[in-house]
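Report on the following structure.
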Amino acid sequence: MRLIIAVVQDKDSVKLSDRLVKAGIRATKLASTGGFLKSGNSTFMIGIEKERVDEVLDLIRQSCRAREQLVNPMSPMGNQIDSYVPFPVSVQVGGATVFVLDVEKYAHY
Amino acid sequence: MRLIIAVVQDKDSVKLSDRLVKAGIRATKLASTGGFLKSGNSTFMIGIEKERVDEVLDLIRQSCRAREQLVNPMSPMGNQIDSYVPFPVSVQVGGATVFVLDVEKYAHY
Amino acid sequence: MRLIIAVVQDKDSVKLSDRLVKAGIRATKLASTGGFLKSGNSTFMIGIEKERVDEVLDLIRQSCRAREQLVNPMSPMGNQIDSYVPFPVSVQVGGATVFVLDVEKYAHY
């Protein structure tokens, strides 16, 4: 048995939850902030048999991997000004930090 | 030293906290949602000497084990209708998912 | 790779966050309550190379160690009464409970 702890951005957490449910894998979600990733993240705890660890890592990578995304930046004053033509810029979103821990004993009551 | 991570339903978490306090065992509670159990759960982190792991597991099982409970279901419309006689049904409540992890180093400052 | 889980009082958590950032160490913070410490605490999860564990433990000890602090107690009625001269008393604040776990596999997407 292994315990997988995955810190992912909030925007990816619904996608990850859906894929875990479809694969029949149960997870517990903890509210978390900052740190490994930009603000707004979730921490998933997933208990899984040793043989299925790579399957879970694949699901996490597919749901959460860091990628470029074009966004229209706000004007310097924080709102749209007539004379300001926003230029789309590429920012990195997503990403996941994952720890796989060995479980000495697992119990279910 | 071991770190016990236990996901339990909210309705059982006060009972478990009380029993841990009586046994002189300190725990930290994390807010958590969904997954291993139906919505509304708590995650306990309990640091404990290796020799007392079974004692803690007993307290968790006694406080949280899955059991049947009779409930009066709501009418299909979500409220009580005169012509609707609710029939008590048995549902499963409680349950706990527990991971025992080895602690390489423990510090207290 | 190691995963450090540290439960610290809220009042020390900003100081610890600042020192971790300055050392270039990323942490995820989980909301937590009670237990190891008096009410109002935070749980830090810090992934770190084995060689830097002691450095992180030093930062935690410097930011959070238990210490005496003089406080002016409230009057028995909970507010200041003219005839009541508060006598400063020494209380213990701070403190940290830290678990270092071995990480079987670490991934970053």
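Details
We call the chains A, B and C, going by the order they appear; numbering starts again at 1 in every chain.
As a convention for this text, a contact is a pair of C-beta atoms (placed from the backbone, for glycine too) under 8 Å apart; a residue touches a chain by one contact, two chains touch by 3 or more.
All values reported here derive from a predicted model rather than from experimental measurement.
Here chain A and chain C face each other with different sets of residues for the most part; under half of the interface numbers are shared between them. The best fit of Cα atoms from chain A onto chain B calls for a rotation angle of 120°, in steps of 5. Distance from the chain A centre to the chain C centre is 26 Å, each centre being the mean of its Cα atoms. Counting partners per residue, chain C has 30-31, 101-102 as the residues that reach two or more other chains.
Every residue of chain A that touches chain C in the complex is listed here, in rising order: 2, 5, 7, 30-37, 41, 43, 53, 57, 60-61, 64-66, 94-102. Of all residues in chain A, only 1, 3, 17, 26-31, 45, 47, 101-109 touch chain B in the complex they form.
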